[in-house]
Amino acid sequence: MRGVLGFLLCALFFSPALMTSESIASEPPAAAAADDDVALQGIVQQMAQSSFEEKITQVAEIASSSSAMKLSLLQWLTDNQLYLRKSDQQPFVITDFKAGASAHAPFSTEVVQLQGRRDKRQYSKIRVNNSVRAAIRSELALIHIRIGTAQQRSSAAQQLLKDHADIATNKIAQLLQQEKDPQVHEVLQLVLAMQQLESSEQAQRLQAIEALQRSLYPPVKVALLQHLKGLDPSDVRQTQEYQLTQKTLASIEQLNRLNGYAQDLYFGLSLGAVLLLAAIGLAITFGVMGVINMAHGEMIMLGAYTTYMVQQLLPDSIGVSLIVSIPAAFLVSGLVGVVMERSVIRHLYGRPLETLLATFGISLILQQAVRSIFGPLNREVATPEWMAGTFMLNPGLELTWNRLYIIIFSLLVLAMLALIVKRTLFGLQMRAVTMNRPMASSMGIKTGWVDALTFGLGSGIAGVAGVALSQLTNVGPNLGQAYIIDSFMVVVFGGVGNLWGTLVAAMSLGVANKLFEPLAGAVLAKILVLVFIILFIQKRPRGLFALKGRAVEG
Amino acid sequence: MLKVNHLNVAYGASQALYDVSMQAEIGKVTCVLGRNGVGKTTLMKALAGHLQPVNGQIRWRDQLLVGQSAAQRAKAGIAYVPQGRDIFAQLTVEENLQTAFSALPRGQRRIDPEVFALFPVLQQMLKRRGGDLSGGQQQQLAIARALLLRPKLLILDEPTEGIQPSIIKDIQAVIELLRDRGQMAIVLVEQYLEFAAELADDFIILERGRVVAEGPGHELKQSEQARTLLAI
Amino acid sequence: EDTIKVGVLHSLSGTMAISETTLKDTVLMLVEEQNKKGGLLGKKLEPVVVDPASNWPLFAEKTRELLEKEQVDVIFGCWTSVSRKSVLPVIEELNGLMFYPVQYEGEESSRNVFYTGAAPNQQAIPAVDYLMNEVGVKRWVLAGTDYVYPRTTNKILESYLQSKGVKSEDILVNYTPFGHSDWQTIVSDIKGFGSAGKKTAVVSTVNGDANVPFYKELANQGISAEDIPVVAFSVGEEELSGFDTSPLVGHLAAWNYFQSADVEVNYDFIDKWHAYIGDEDRVTNDPMEATYIGFSMWSKAVEKAGSADVDKVRQAMYGMTVPNLTGGMAKMNENHHLSKPVLIGEIQEDGQFDIVWQTDGVVKGDAWTDFLPESKNLIADWTAPINCGNYNVVSKSCGSAVAAE
Amino acid sequence: MSLAVKHIEQPSVLYMDGVSVSFDGFKALNSLSMCIEPGEMRAIIGPNGAGKTTMMDVITGKTRPDSGTILFNDQYDLTQHDEAEVANLGIGRKFQKPSVIESLTVFENLELSLQGGRSVWQALTHKLGKQQHQQLEEILTLIDLQDKQTLQAGSLSHGQKQWLEIGMLLGQKPQLLLIDEPAAGMTDEETMKTAELFRNLAQHHSLMVVEHDMDFIDALDCRVTVLHEGSVLAEGSLASVKANDKVIEVYLGR
Amino acid sequence: MGPLTRLLLQDKQGRWLLTVIAVLAVVVPFCNLLFPPESVLHVSTYTMTLLGKYLCYALLAIAVDLIWGYCGILSLGHGAFFALGGYAMGMYLMRQIGDRGVYGNAELPDFMVFLNWQELPWYWLGFDSFAFAMLMVLLVPGTLAFVFGALAFRSRVSGVYLSIITQALTYALMLAFFRNDMGFGGNNGLTDFKDILGFSLQDDHTRAALFIASALALMLGYLISRWLVTSKLGRVLVAIRDSETRTRFLGYRVEHYKLFVFVVSAMLAGLAGALYVPQVGIINPGEFAPIFSIEIIIWVAVGGRGSLYGAVIGALLVNYAKTWFTGAFAELWLFLLGGLFVLTTLYLPRGVIGLWQPLQQRWSSYRHRRQIPAEYNGQEERA
């Protein structure tokens, strides 16, 4: 699914597709010599005592070893899984200290069952810091660029872009010949060009600059800027080179600016999508039913906690659990909504302002209930693999997957809701009941039933929003409070009772916010958006998509 | 047949109907008359289920209605055209009509073209919001909507109010037609004596919440009592 | 009276409950433990818990309630600076005693408050030193929530960085509102700022609720600690427990304590905490250690003074040392701030920090920073003969606060 | 241009020329022209949806016309004024759907309607004078709501609200009264009483009365204008318009 | 005093309320100052400042009820006016600190010193004068209300649309005041006040005086509001609440009326804020938080919307409950307070003051029923 989306987007932005076949280039494993392992074990044991600088040289030693274990060892190191048993200095690999997990010693065959966190006292970790990790990453890049999978080669190539001095020029040429993946090929070529930029021959440098034209990888720009600084425009011999560099930089800058606009738009839309999700449920409970639902935020919160619970039940399949959470959150929040409606709200029809008081009370109760049950701390909701990270539209424009999913998800939810409201008998009953309860009843509509289900629907959708928000923000007792104000703003700004208005309002507020933000900063941007809302309402006192005519005045 | 026995209805502390009894037979039009504020609408609301009586009984085909919701009554074939129209202002004309589907079995959920024959303006304005219609158009919509419920008991509270003369004539014809089909009891509140007198098979007259006169329709026009009761 | 009353003034509801509730539990745990040991001076300790509900004026009101109505002998409380500022006049008027356990912006020393969290020189400056010297950072993003603590810290840092020769175009300052939840633009700006070819780091004074979405966005936009490390002063183990840290390994925090401190006292403390709270997954953090130190010092001071009387206890506090949880000793100075070690930790996959650097000895908390013109001549010393919270060493006079005494 | 034409004619209380209003393309008023003379009572009839109520909306400033001129007393361009200003110029209105202030009592409704004292300051210092009390008593008697005067207007029956609204109109003493379907929901007897009331009023005021009840119109005994599809279809005595084939076809029925 | 007696004559509950407040205004300071802390008759300073705070809230509640209860303007941003009044007072109090701040700077408040400001911004000028500050206490909220109201009411923004933009207003102000650059102390706000008119704020006599001032302000606010709502203007307001359109057709310039009460209400709120600040000792942007404004609405709703004394009772009740619960049930109080709100709506639809109305109604319906023919007596009422 993610591949498809990526493809669509790439196609959309006229950029080369990023997924290609996953060929694995491998080289025959080096002969495992016991001596090598002993040496490695020695290094590892030494590492426990050494400073981080020493560790960097030790990493290089490990990388130059011919042992088959070196790759795993480097990986364990970066992943912080290498420990020494305090009692006998035996290295162990430990992924987790929870009871039942095991520790295995890579240099012997010993496996130890762990009893729980307390065992931490018996092992000391071989610590690495960012510098050591960076060193390992560079070493791994040099290895992976030769034998890695396509993806590993790709990231290795990009790593080389940053540290292009690390690798010999002839080696790149050699790699370029073998490389089949067009993207990796392109990056390697850039690496080569960047090395040539430092060449002593002007012809080669000019060629390199040409090659770097329109490349949006940030290191390229840095290198060109650096290069420009080293040139003297008044020197006739360098004028051409100077101008070419300048021109190249200008064109890169130009493209970056375009990217910037596209990115702001994307940010705006994704912020809009979040606002939309948060507001949709309210568009039902408030927009359609007229209940000033101060507990709306808590319905969102319940959805987020449901996501957490589902994830606790399915700890090993985060992706599935997220999908399962959607109906689960709908049910949980929806049910709470139904109970709320039947027990409290139904006594308040015709007294809309008092719903504010009651739902405010309910919101306090729900917040405290969650705090009492789950504690005051935020809960961890993991992000599935396919939602994490970015996709690259072009090297200068990487957009986040999760936002894309959320944009699509919010539109789907809205579309579904619009279908229900506009196209089903239930939707019709829903609207009729809120417009005139006694008369709706006289048309044979079970108003109590419809009220409960409508409120349940609105609440359920709020719950679904909670699933999405759990991917972006705190899952804690205050989650709801953070969204309630914005939700009301969106619904009202769009025009109460108008789903289409809610969509446009959410998106335009999101985009406006993100357009102001680079100009004025986050705080002022928010203030500006609020002022904008205030002024806009003066022009359209009933929101963006106000219903007009007698129908609303009567 | 509809039977009302000793009905008392109050708004909070103030009582509006005292010991009202009446009946309406299938195949007949029963007219309820009286001056402003005597309790006609109150009685209709009690029949439709919008007001619960303090005490007294309402029976429809030997079934006790008191305690049943308006929706249950609608499903039992009671349709109500309220005074002041009460159409769903923000629903389109079509949607207003479709609300009647709620009381109908799945198979019968369509808008009977007969309605449009009677009120052609509604067909022209299907997509307009009910609230945007003119007063008379809304009244027509309210009647049409009630007819779509395929009622056995039709309650009409001043249905001719605000309707142009030619359509009043049509409505009169329809009511006669419905009555003559003999499958429906019709309760009609009307101030417009001429109209009432022409349709009424039976009538009752209310005064200050009490039934003060009743009789067969043909007596209405001649009845001196009726004249004085309806005068000031 | 046969009990010594301990007031607990931490928000249990509202936005700050998320951080402060833990401290309430910590105090209750310490009180319970002390009572098991027989209390103090032969009296039981009686905790009095109130909820100021993250509402700043309510903090003042509740302080008055604790001191006047409940007649508590000591208060452990507050988190945000504004709550402390709100409490200050009341506690000074009624001559109460409060232990404040959170890192803060400094520029304050009240006779009635002991500050057991870090002052800027015990957190911000060492962290920047580390990044500059050990990591080679040349370009700085100072990102914070828009309020006094980040503003002051950043001001101090800016002035410090400039004194170290960092040019102003290499410093980017950014403020966000409380609870800011959409970090896309800012994170992308950081990314842009960091791609100029110089080693870049982010110094984050982002507070509270805004952190989770901030780190999630960092992770999503793929800002790795090796490229652009983020060092935070308000993110500890507890904040990390709210989200998945695996994409954030290597980002940093500067504190005076980390749960991962590999010493026996710490393991004991953690065990005690787990036993008390009944949940092995609960973490410990720096403000808890600060609370622990404050509580230990106060109990020792009460014993030493032979009374819970505020003035006597206060006098007994100066120079007091108690073991901290990282294997050293914490000492209370005359300026009401502690001497403690400064640690830099890197985030691990399991939500813990690996200590990657620490100061050689302890650093003495500085009430008035040396890096701002207005305060560089000020010191605090609550012992005779100075007896002043803002003593000007040049004019040799006490600024004001005690003039009223 | 129409202004020029106008000045040759007699003075008018209300002068409308070429007034058009459309809603989403639907022409509710279609170049409507009409003129009411001082002291004239005019009956307006016309099919449902002809635009009668819309016409009143336009006169009273509730709806802005797309085009056309509306003059009051030959001097005020009503399209330039909002509802309150129009009311203060001396135009009162009774709505088709009875509309009173539901949570005020009957008495208070009438009190608010009394002429004068519209500004904030006046409202703050206002006290009912003896004369005004008397006036209110008279109105209450006339609309037969004395015994309900302390009841909240919301608890009146439909017809009682109609009466109250007429009473409010009387209290307001406007120069021009726009009355939308006053007889709806009244008994025949009351209808006649209302007609008489209006005839009396017409001695000092100008009236524009919309009704569908032909007996009532007959009793008003005044000039009749028939609207159809937003413009004037016929005008004249009731007898003459009743005889008009087109009127019969679209309105009266055969 | 003619109008005043007339006002009071028709207002039984109001007489009660004013009497109670007047008694409090005398007794509480008296007991605080004259009886030693050991005495059973002693009222602690804690209690007195707490009550003083409640009185300010009560005045705020009256201000809100005036526009909401009587004119149907549901302002979800009234905290803004309260806070502005508070800030005006806070600025005065800050100026009174003089060189007693921690940096000993006589010209600048501490927070400005520490943000390296060189001189007092222009909008701080004049605030060292009490009279000027008091003027601003009324003028600043009044002017903001006037500008905002003039815009909104003329554009006929009403209902939830108005509510939401008032909320946007207070939210925007909150964010703005959070900014240190605004020159109002950022998140910390203004605090560490020393004295007012030369009297120390730490002194119980000063506190007693502030308490009495709050009581007087509340009484004054009540009387002004009562006068407004019992005049014909009050009926116009109700008419507007019920049917704005209809009122317009009667010739009333609805926007003028709304603007008038809105401004009056904002000024009352500002006054409440000004009295609140010296008693609680701090003013910060938290008072602009939308949730605070919603809470004000809740007080009024709990007390009983549309009756001024109900608003007072609601403010006192809810705030007392909050004080009590947060102290005595620190970890459960949200359940209790939330429950209180829900139960109030369900069982006291007219608010707490509705408590005695059913009694009255039952009495009148009892009398009424006796006029009904005897055979129906004792039957269950089902309507």
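By written order: A, B, C, D and E. Residues from 1 in each chain.
Note that a contact is a pair of C-beta atoms (placed from the backbone, for glycine too) under 8 Å apart; a residue touches a chain by one contact, two chains touch by 3 or more.
A quick note: this is a predicted structure, and the numbers were derived from the prediction, not measured.
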{"item": "Contacts common to subunit A and subunit D (chain labels)", "value": "B, E"}
{"item": "Maximum centroid distance from subunit B, chain identifier (CA atoms)", "value": "C"}
{"item": "Innermost chain, taking as reference the mean of every protein Cα atom displayed", "value": "E"}
{"item": "Whole-Å separation of chain centres (CA-atom averages), subunit A against subunit C", "value": "30"}
{"item": "Separation of mean Cα positions, subunit C and subunit B [Å, integer]", "value": "75"}
{"item": "Distance between chain centroids, defined by C-alpha means - subunit C, subunit E (Å)", "value": "36"}
{"item": "Two or more partner chains touched - positions in subunit A", "value": "367-368, 371, 481, 523, 526, 549, 554"}
{"item": "Multi-chain contact sites of subunit C, meaning residues that touch two or more partners", "value": "12-13, 146, 175, 177"}
{"item": "Residues of subunit E engaged with two or more neighbouring chains", "value": "175, 178-179, 245, 331, 334"}
{"item": "Of subunit C, residues touching subunit E in the complex", "value": "12-13, 49-53, 55-58, 60-62, 64-65, 68-69, 80-82, 85-86, 88-90, 93, 107-108, 146-148, 151-152, 155, 175, 177-178, 372-375, 378, 389-390, 392, 399-401, 403"}
{"item": "Partner subunit B, residues of subunit A touching it in the complex", "value": "425, 428-429, 431-432, 435-436, 438-447, 497, 547, 549-552, 554"}
{"item": "Touching residues on subunit A, where the partner in the complex is subunit E", "value": "292, 294, 344, 347-348, 351, 353-358, 360-365, 367-369, 371-372, 481, 485, 488-489, 492-493, 496, 523, 526-527, 530-531, 533-534, 537-539, 541-543, 553"}
{"item": "Interfacial residue positions of subunit E with respect to subunit D in the complex", "value": "228, 231-233, 235-236, 238-239, 241-243, 245-254, 256-257, 260"}
{"item": "For the subunit C and subunit A complex, residues of the former touching the latter", "value": "12-15, 17-18, 21-22, 134-135, 146, 174-177, 179-182, 184-186, 188-189, 195-197, 209, 212-213, 216-217, 219-222, 225-226, 229, 238-239, 241-244, 247, 249-250, 262, 267, 271, 280, 346, 348-351, 354-356"}
